[in-house]
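Below, each structure is written out as structure tokens.
What follows is a pair of complexes built around chain A, which joins chain B in one and chain C in the other.
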Partner chain A sequence: MDSSGLLRLRGVVKRFGTFTALKGIDLDIAEGEFFTIVGPSGSGKSTMIRLLVGMDEVSEGEIWLRDKRIDQTPANLRPTCMVFQSLALFPHMTVGQNIEFPMKIRKEAPAKRRARAEELLDLLRLPQSYYDKRISQCSGGERQRVALARALAFDPEILFFDEPLSALDYRLRKTLEKELKDLHARTGKTFVYITHSLEEAMVMSDRIAIMKDGQFEQIAVADQIYSAPVSRFVAEFMGEVNLFPLHAGADGKIASPTLSVRPGVELADLTPGHEGLLMVRPEYLRLADGGGFDFTLSGVVHGEYALGSRIQYEIETENGMVTVEKLREDRLSAAEGQTVTLGFNAANTHFIGDAA
Partner chain B sequence: MNRLDGKLGLLSALPLALVLLLSFLAPLVVVALFSIMPPKVFSLANMPDFSAYSLFFSQGYYKSLLWSLGMALSATAILVVICWPLAYAMAKVFGRFSLILTVAVVMSLFVSENIRLFGWVLTLMKGGLIEGHLRAWTGMGFESPLYSVPIIVFGLVYVYLPFMLFPLAQGISMVPDDTRQAAYDLGASRWQVLWQIEVPLAAPGIVVGSLLTFVLAAGALAESKILGGQAVIAIADDVETAFTFGQNWPLGSALSMILIVIIGGLALFGVSKVDLDAIMGRKR
Partner chain C sequence: MTTSRSTRIVLYVYGILVIAFLYLPLISVGFASVSQARYLSFPIKRYSTKWYGEALASSTVSDLLTTSLSVAVLVTLISVVVAFFGALAFARYHWRFRTTFQKLILLPIFFPQTVLGLALLMWFNSLGIIPSWKTAVVAHLVWIAPIATLIVAIRAYSFDPALEEAARDMGAGTFTILREVTLPLLMPGLVSAGLFAFLLSWGNFPLSLFTTGADSTLPEWLYAKMVSGYSPLVPTLGVMSVVGSFVLILAAFAVAWLVRANRDAKVAQD
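Here is the complex of A and B:
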């Protein structure tokens, strides 16, 4: 067994009756990493975290933490812990008692517990006076911090998060995302985070794993997942995207049923005799007044939507709706109903091969 | 508009309020007044002398009270312990089977308590269902457990089980699953989860169930009469005797008042400690 990662999964399978929720997962998570698993509901990410925490048993495969195999270890004996989606704070205890709970379970001395709880209140930027507050007196964001403090008081090797921010309003979520990233940097702990929100994953993570149907589609840093998705699923999951069918003839000449291709254009990943999808993100499409673009197509401006700092256009083309995004100051000089020609260059595209 | 509604509301509540006041309070007031009358009078037009209360100590009625309270306390404690797993299963494990269990337990209430207790007498007596069969098959018999204090406590446990089971199941269902999982995940053992998470969070159910069973058991007399064969006398038995054979209404009233004050005080104390709104399903 190689020991490159802090947490290692080998061939992990989870079945519920005849349904296979996880189909042979291999994964290495490095010490100190902020690793996020993203996927739509039903993709198996919640099952995954339940296995990692110890609330469910694996059907097949192994989970290793450092040099110990932990897949048969019950949750209360694993040196990991989880921040629940509901936070699962203990309503009959004060903030201080909640934070001290794992230390009390370990039978640490009251003075030591108290000192650590006060440290953690500071770390989470909660006033010391909160020590004696009841949970019901805390706001949503404060509860979030109490839950984090309680988990850190356990001093886990790995801290798991099961969509803890999904129930909060947008602004609070944005603030806490940054705080969480900051907390990760300050504590140096390994964080494994589960979410269905791509945005959340992009803001915080070192690496992101995209999950679909009980398998990983792609594991990579955020930038790479955004600019070089391995499949249509990943491309569409990671925000707005335009996909054009493309094929290369036996002579290597590239052609598309919906795009005009400038003669002589080459794509590194498209070998003669193959086909696939050409991906271009909305921000790389331009109005092709003068020409000089590798790919062009024309269409009718269908709608214009303000997205705050950016403006999104829907343009009806032979390829269906094409999405274009511009910064507010670069607004397109085209009105609704007007026919426009769009262009983009090969350097700003990513080719997804025929397998996907 | 609102003031008119309020007035009409009060007005329409008045008849029922009066009936309740008369039917609940009046007997209590009469009992309270009789308890301070001289012995063996049947009219309230006498000089109060509180002599009935002194009989409580001088004639040993306090022993009956202590027996009643002691047996009620044991029955309540036993019920908490044996109902917890069952209530837990009803709230968390059984799912739809809980309904069948609920119906089964409630059905037993359809049959009169006395008849069910006599059923136990026939089952447990010497030459009864169990001992009789055993002796017929093996030739060996055993002494009947009837007519002793433990069998009275057994009777109390048996009769008042539903009054503990349902509040307890309600209390346990109020413990969020994820707090249990979180405590376990933070290193707590099963026992630590039970004592530090489940018992405190299910406390309203435990208190309500305990109060119901204790109050009912402390005022019970059928169990000690039928199963216990008056091995010990329950205080409720003394009250009944004083009113009937004894023809001493002031004594019966005084004993009732003592029981009412003790039980009422206990109930008020218990209820003040729990959030009844929570167990009735309303938001805190």
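Here is the complex of A and C:
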């Protein structure tokens, strides 16, 4: 057993009756890492976190924490802690009693518990007067901080998060995403975060794992997942994307049924005789009036949508609807219904091979 | 919406009639209990509390109260324990035939109590058990434990199972979770279930009639005395029985109020 990671999964399988929720997961999470598992609902991410904290048992495989195998250890004996989606704050206790709960279980002295709770209120930027408040008197964001303080009071080796921000409104979510990232930096703890929101994952994580049908599609840093997805699923999951079918003849010449390709263009990953999808993100498409682009196609402007700082256009082409995004100050000088030619360069694309 | 004058008058009259219909009989029993006359007659000529004095001195009355109280207290305790585990089993675990079992358990509530009492009496006889106040406890439980379970289950269904999981995740064992999380959160349900169980047992007549054997509870005695050999103690004991129930309810409210006030005082300290 190699021991490179703090948390290591080897061939973890979870079955519910005849349904296999996790199909042989291998994973290494490093100490101090902010690791996020993203996937649509039903992808197995919630099952995964329940196995990791010990609320469900693995069907096959091993989970190691440092040099200890923990997959058979019950949740209450594992040195890990989770922030629940519902936060699971005890409604019959005050903020202070909630935070002190794990220390009370460990039978620490009341004075020591109180001192630590006060430290944690400071760390989470909650006023000391909150110690005696009831949970029902706290706002959504404050409850979030209390739940974090309580989890930190447990002093876990790994802190797990099960979509804790999903019930909050957009503005508060954005603030708390940054606070969580900041908290991660200040505490130096290992965070393992589960979410269905890619935006959340991108803002906070060191590495992201994309999950689909009980398996990982890709594990990489955020930037790489965005710019170089390994599959159509990952590309589409990671925000707006345009995909064009592409193939290379035996002579290496690239052709596409929907794109005009400039002669001599080469793509590193496209070898002669193969085909796949060319991915380009909406922000890399330009109006190609003057020419000079590796790939061009024409279409009719179909719609224009304001996204705040950016404007999104939908252009109807032979390839279906193509999405273009521009900064507000660079808005396209084309009206709805007008025919335009769009262009982009090979450097801004990513090729997804035929297997995917 | 504004109510017109005439609608308001109709509503007031309606309300007063309903209240009068509900409480006048009870109030008249109260008056009867303080009449010095031996037989019930209105208007009351001379008021007196002598029957209360006699009731408190009577050994029959203390026997009746002891029997009724023993049955009600035992029924309350057992119902609450059964309701606690039953409600958790329904709300927390998913097992085969769960919903069928749930419906079967609740069915006795809808049986006519006389039929239930008769059936239980026949059952005790065929088992060779001599009916006494102890068999009445069993009979009351058949009808009351399901109601108590229903009351606790409503509370148990509304409580997030993640709370117990979170406690376990933070190192708490099964017993600690029960003591620190499950019991405190179900407490309002358990208290109301206990209150209901006590009041339903205390006032129960049909089940007791069939199953107490030679023993007699307060409602049974009241009925027997009305049918044959009226005693002026009847309205007196009736009032005492109602007052007992009210005291219990008031005590429960007082405890709830004290708990809340105590909590608010703690919060207000800063």
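One rule holds in what follows: the second predicted complex is superposed on the first by the 356 of 356 C-alpha atoms of A that agree within 3 Å, B and C clash if a C-alpha of one lies under 4 Å from a C-alpha of the other, contacts with A are read in each partner's own complex, and residues count from 1 in each chain.
Criterion: contacts are C-beta pairs under 8 Å (C-beta built on N, C-alpha and C of every residue); 3 or more make two chains touch, one makes a residue touch a chain.
Please read all numbers here as calculations on a predicted model, not as lab measurements.
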item: Fit or clash - chain C, chain B, common chain A; value: clash
item: Chain B versus chain C as contact partner of A:Arg106, first or second or both or neither; value: both
item: Contacts of A:Ala185 with chain B and chain C, given as first, second, both or neither; value: neither
item: Touching partner for A:Ala75 - first (chain B), second (chain C), both, neither; value: both
item: Partner, of chain C and chain B, that touches more residues belonging to chain A; value: C
item: Which of chain B and chain C A:Ser136 touches, first, second, both or neither; value: first
item: Touching partner for A:Leu327 - first (chain B), second (chain C), both, neither; value: neither
item: Chain B versus chain C as contact partner of A:Ala88, first or second or both or neither; value: both
item: Overlapping contact positions on chain A, where the chain C interface meets the chain B interface; value: 53-55, 75-77, 81-82, 84, 86, 88, 90-92, 101-102, 105-106, 150, 154
item: Chain A partner contacts - residues on chain B that touch it in the complex; value: 176, 178-179, 181-189, 192, 196-197, 200-201, 203, 284
item: Residue numbers on chain C that touch chain A, as the complex places them; value: 160, 162-163, 165-173, 176, 180-181, 184-185, 263, 266-267, 269-270
item: Complex interface listing, chain A residues touching chain B; value: 53-55, 75-77, 81-82, 84, 86, 88-92, 101-102, 105-106, 136, 150-151, 154
item: Interface residues, chain A side, partner chain C - complex; value: 53-55, 74-77, 80-82, 84-86, 88, 90-92, 94, 101-102, 104-106, 129, 131-134, 137, 150, 154
